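Below is a structure I'd like to ask you about.
Order of writing sets the labels: A, B, C and D. Residues in every chain begin at 1.
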Amino acid sequence: MELLYSAKPLAAILVSFFVVPIIFSARSENVREAWTFVAALLKFAIVLSMLPFILKGGQIAYTVAEVLPGLAISFKVDAFGMLFALVSSSLWIVTSMYSIGYMRTLKEHGQTRYYACFALSLSATLGVAFAGNLLTLYLFYEMLSFATYPLVSHHQDREARSSGRKYLTYILGASIALVLPAMLIIYSQTGTFEFAPQGFMNGAFSQSTMTVLLLMFVFGFAKAGVMPFHSWLPAAMVAPTPVSALLHAVAVVKVGVFCVARVITGVFGTKMLASMGLGTIVCYIASFTIIVSSIIALSQDGLKRRLAFSTIGQLSYIILGIALLSPSGMTGGMLHIAMHAFGKITLFFCAGAIYAASGIKNISQMVGIGRRMPFTMTAFLLGSLSVIGLPPLGGFISKWNLVIGTLESGQIFFLFVLLASSLLNAAYFLPICYKAFFCTDEEAMFERKVNEVPTWCLVPLCITATCSVIFFFYPQPFLQLAKMTVATIIGAPMP
Amino acid sequence: MTDLLPLIAAKYNYWIYTILMMIGLYAMIAKNNLVKKIIGMNIFQTAIILFYVSIAYKKGATLPIIMGDGHGGGHGAIQAADYINPLPHCLMLTAIVVSVATLGVALALAIKIYRQYGTLEEDDINHQIRMQAGQ
Amino acid sequence: MTQHFPALLIIVPLLSALAVSAMGWIDRRWCFPLAVASLGGALAVSVSLLVQVMAAGPIVYQMAGWSPPIGITYVIDYLNAPVLVVVLAAAFLNLIGAKVRIEAEFEEKLGAYLALYILFLSGMVGIVATGDAFNLYVLLEIASLTGYALIGLGKERAPLSSLNYLFMGTIGASFYLLGIGYIYIATGTLNMADISNMMPQLMGSGTLFLALIICMTGLFVKMALFPMHGWLPNAYSNAPSASAGLIAPLTTKVMVYAMVRVGLTIFTPEFTFSRAILSETIVWLAVGAIVAGSLLALMQRRLSRMLTYVIVAEVGYMVGGFWLGNKTGITGATLHIINDAAMTLTLFMAVSTITWKLGSDKFEDLKGLFGKMPFTMIGFVLAALAVIGIPPTCGFFSKWYLITGGIEAGQWGFVVALLFSSLVNAVLFFRIFEIAFFEPFAEGHGHHGHGPAMSEAPASMVAPLIIAALSLIVLGLYTGDIVTKLIQLAIPAGIA
Amino acid sequence: MRLLALIAVVLTGGLIIFHTGDLPDFGDPNSPASTHLSPYYLEHGEGDTHAPNIVSAVLADYRGFDTMFETTVVFAAGLACFFLLRRKTEPGDKPRMYRHLPTGVTLRIKSGGTFPEEDSTEFRRMDSHFVPHQIIIKNTCRLVIPFIQVFALYVVAHGHYSPGGGFQGGVLLAAAIILYAISHDLRRSIHRFSEKVAALSGSLGVFIYAGAGALCLLLGANFLNYEALGPLLGVDAVMARSHGILIIEIGVALAVMAVIVWIYYNLSSAGKHDEGL
């Protein structure tokens, strides 16, 4: 495998970091938002420029500083990290566009702080994606928690305050109380943190200790929303919708599952877990979360809350996929990071668009809205189909792989979990679409004239919806990246 | 008991300094009046000074000022055993000065406290503080 | 001249303290520039010493030209060179940051205040640099005596708090003196290196064990280890802000340094950690300090008081880490001396800036501060993150070593206490962030009367604060270098 | 609280006494304390420093660095007392009391009236209603004070040869001034030896000490190594140490005298610098 030393990963991370002072000192709104765009495009360009090399099977490494003896803050871009980085950096561009429309339409306060924190969050997300060892991963994980706190509690009212408190309590509490000790115990035994394709535990612990450590990670990365550490996510929906969209459908929650996936593959090693049968435990936990969260989602009336519970379930798909430890399962899980991101962000954009245009948050009041906002609701339909996992949308591909994965590993139980959950997904999404388009004139709840949202909002959600469709037909480079990762892990030749 | 008595007799300096020190310490902790506490502090420090000075003592030795004419004559080489140990004395000169300085600052603070509360009884002062906090 | 740098470290502040105090009577305008120049000079000297030590190993300086056991020596080695730099840098930054306050609050007594400030610092520097056990006592008293005065002129209960501090401080220092007496009885010398040379023959000595206990008790009182911490919160929270910003970062940390010095250099680790029961007891005391400090901090309603209890908990970190008795733990404790000094400095400077503009540090008065004083709050947030232990701030890395040390030593109580205190710290600080972030600023409540509009503090206060806050991250990123190039070389062989 | 204190104290005392068994007997000439380091001082002290009083030699030369800080402690205490207590006397809007010395009549002058000059020989300011006119005490003290001062100078200068030195001499000098302040009154004393002079000579005293050390450093030797002063004073190394000791003893005496007087001024008048005790 080729290894290239290059500062590109660092540059990709720092782009949005350095734009923060500029955002703060910008004279006018336009200048400020222009700089956000510059940073977003630059970041995407840097990430993209690394892609060909990664696709050739290479890796890019860079060490910033050796903070502890033998333990550095270092980056290592591999296929899996690349996949995640691509998703988050491309979606930042779209979200920035959407933010402008949304924030200006609703005349939100503190927009400068908003854009600055957004940029910081993206730095942290890429940091997690490119982390070369567990310490770096943890560092950026925590940085993301703090950078997103002002975003979650953006409204600075009582509700935002209690949600912000809940958000930090869960995320910070779990990471300090569970992840940090687990890391320390591992480090004191193995003396290294460097991710390796087959983990670096090398039998340093007994099976029972391994079980405890694994669970500490799975629950400790509370951003992954595994039950019972999930309830911060619905609470965090008080944030402005672009925040919910990017952070709580893409960056924050995906960072959580990404961390779990990294730990399972890079720290513990799939072979070790398979031989000890630990993957199955995680699978059961994930299945529980999938089913329960889908059922809860059915009962939610607030659109964003329903989306939030849907997200919780979908996150556990990814964890389930990874924990199946079979090649297709892992491919499916990793691919689902990308596919779900595009689908879910579309849904959030639509929810925000509806709110910005009409001020409505609840599903029961959305009867007939499809006639007023046809583009938005069409996009919504596409997004929900993708999340449910129907062709011809990207979500189908990842779900297909997941299903194959359950068969490969011979655990039929999880196949039924996936199928049941898909039905539930359909049950909580499709009625919304149905009611939005098909209703009698009397039932329609929109007397007053509601128009489509401004172009700044509409364009992004159309883009992401279109992407979802495109990925069904052309799932590259994500599929390729996921397959490469799996190949590295199981030691197969590069696809 | 028969072993203990000669032991005490041979090392009575330690007993005396310990008792003195504990008297001082007790006064510092238990007394209510701030000036009494300051006095306790002085006893405490003095006990330690006594301890050091008693280390310096050697049976049959005299104070460490070298006898003789001081110009190379006199009675040959100086025998260290003839003079008591000068080092603890020197150290204690420092400790005495330190304790005097501490005493000065302690009294200054006591005066300031008296000016503020009109009393030096600690429970009265605490009472006043609690009354102020209650208002 | 470079070979005289260890002496200059002390002479420069001492002579300038005299000059400043004299200038207080002649022309007050010269006091402040002189003080800044002297601290800056001493800081430069300490940095150059650090470079020398890293290049060529420890430096021994013989005062009055007498060789070690006879005269007094100063020893600059891997352990104290970084501590010296941090101590001087902290005092320097705080002095600049507090300029406005000092000049407003001590107008008439400016000369005396600055002279005391510098004398306190020279005491601290001396404690860190000296290689003589008794000399350490004298310097300890210089630092304490000036400290009482610096605290005593604060508001409300300051004189009473200061007198209580004086009592406890004197008990602590006297115990240390007594311990040195016992060492002297057993060895006949006062030079640290000389004592440690004799230690191998005196391994079983009961007298020395008593000396160890007494010395440590004295130092524990001085550093306010639970349950001897009662004097600290009152003394620090009632002190004038400029003094609190000097004393809070330095005193406890330098006392912990003295503990490390006494434990490692005087008694040698073989002897210090030879009695498991002693180490065990002290680690549990430290656990008590961490838990009690954290819980008491939760109960406070004033920012500065809350921080004083955080200090109590931090002392527990360092004492516990040292008495774990393994290399990792001692590395963590030593690293935490440096990091905690920087963190406490930043926190207290931030509080000083806030009270200067606001006239109060009660929680309910902190509303809306993020909007009104953004730069001050950025500094405060960074320091808070360091105290909680979030990477890449320095607090994370020392906590890292401490916890790893605890795991290695099998002291699970200590590990749990550290994690618990991290969580409590998170609660403590986020409670304040919430108030300062969510609640709107209440116009018109009692601020200091500097015009009607509440705004950011003057640049001379904010700039040093921001520098201190950024140093937290820089220290964090250079942890690897600090540990491998300094601290690990400072820990003597013979520790697992 | 008291019971707790008693228990703590008894336990501590018990712990210390429990360990006395290991300690050398009182007056044991063979204890480590008396055999390791101190013989060097006794045997070489006079040869090294030309000071038969070994305590002085150790104090001012071998461990001169400690002593410098000892002087600094005194100075710091003076500063601390001043810093804590001193307050400006209230502006002249209160009635003041004066005694007319030739007649012994006490005058009360209301605010706004014309006050006598501060250094007037006929009128003296008073703070309390009754100040006795003790002619015997005053005159006795006047006679004694010069002798005390001369003796103090002897103690300072003769510290090499007999018990004595800068601290003892300084305290005696301060005692003379304090005696004056007690027997006359604080204002008169301050008039003769003002606060500013006290503060400045305190600084100067410590400065003589530290400056002598720094001078050695400038001359190329280690800090406080008086041998470097030899060429300057025109004597050999041993005599240079002897002279060095004298120089710093003078500095110590000056500092101690000034600071103790300064502390007395502040303590006795609670910082008001009025009539005092």
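A few comments on the model shown:
In this section, contacts are C-beta pairs under 8 Å (C-beta built on N, C-alpha and C of every residue); 3 or more make two chains touch, one makes a residue touch a chain.
Everything numeric in this text was worked out from a predicted model, so none of it was measured.
Listed by label, the chains that touch chain A and also chain C number zero. Central chain by Cα centroid: C, whose mean Cα position is closest to the mean of all protein Cα atoms. We define each chain's centre as the mean of its Cα atoms; on that basis chain A and chain D are separated by 74 Å. Centre-to-centre separation of chain B and chain D, using mean CA positions: 19 Å.
A separation of 32 Å divides the Cα centre of chain C from that of chain D. Note: centroid distance chain A to chain B, computed from Cα atoms, is 70 Å. Among the residues of chain D, those touching two or more other chains are numbered 16, 21, 23, 31, 33-34, 37-38, 41, 63, 66, 70, 73, 76-77, 80, 84. Each of the following residues of chain C touches two or more other chains: 134, 138, 141, 145, 148-149, 152, 159, 184-185, 190.
Interface note: chains touch in the pairs A-C, B-C, B-D, C-D. Chain contact summary for the complex, chain D toward chain B: residues 1-2, 5-6, 8-10, 12-13, 16-17, 20-21, 23, 25-29, 31, 33-34, 37-39, 41-43, 45-46, 52-55, 57-59, 63, 66-67, 70, 73-74, 76-78, 80-81, 84-85, 161-163, 167, 263, 266-267, 270-271.
The touching residues of chain C, when paired with chain A in their complex, are 385, 388-392, 397, 400-401, 403-404, 407-408, 415, 419, 422-423, 426, 430, 434, 437-438, 476-481, 483-484, 488.
Across the interface of their complex, chain D is touched by residues 7, 10-15, 18-19, 21-22, 25-26, 29-30, 54-61, 63-68, 70, 77-78, 80-81, 83, 85-91, 93-94, 97-98, 100-102, 104-105, 107-109, 111-112, 115 of chain B.
The residues of chain C lying in touch with chain D in their complex are 4, 7-8, 11, 14-15, 18-19, 21-22, 24-25, 61-66, 69-72, 108-109, 112-113, 115-116, 119, 122, 126, 132, 134-135, 138-139, 141-142, 145-146, 148-149, 152-153, 159, 184-190, 205-207, 210, 213-214.
Those residues of chain A that touch chain C in the shared complex are 64-69, 71-73, 135, 138-139, 142-143, 146, 150, 153, 156-158, 160-161, 164-165, 168, 172-173, 176-177, 180-181, 184-185, 187-188.
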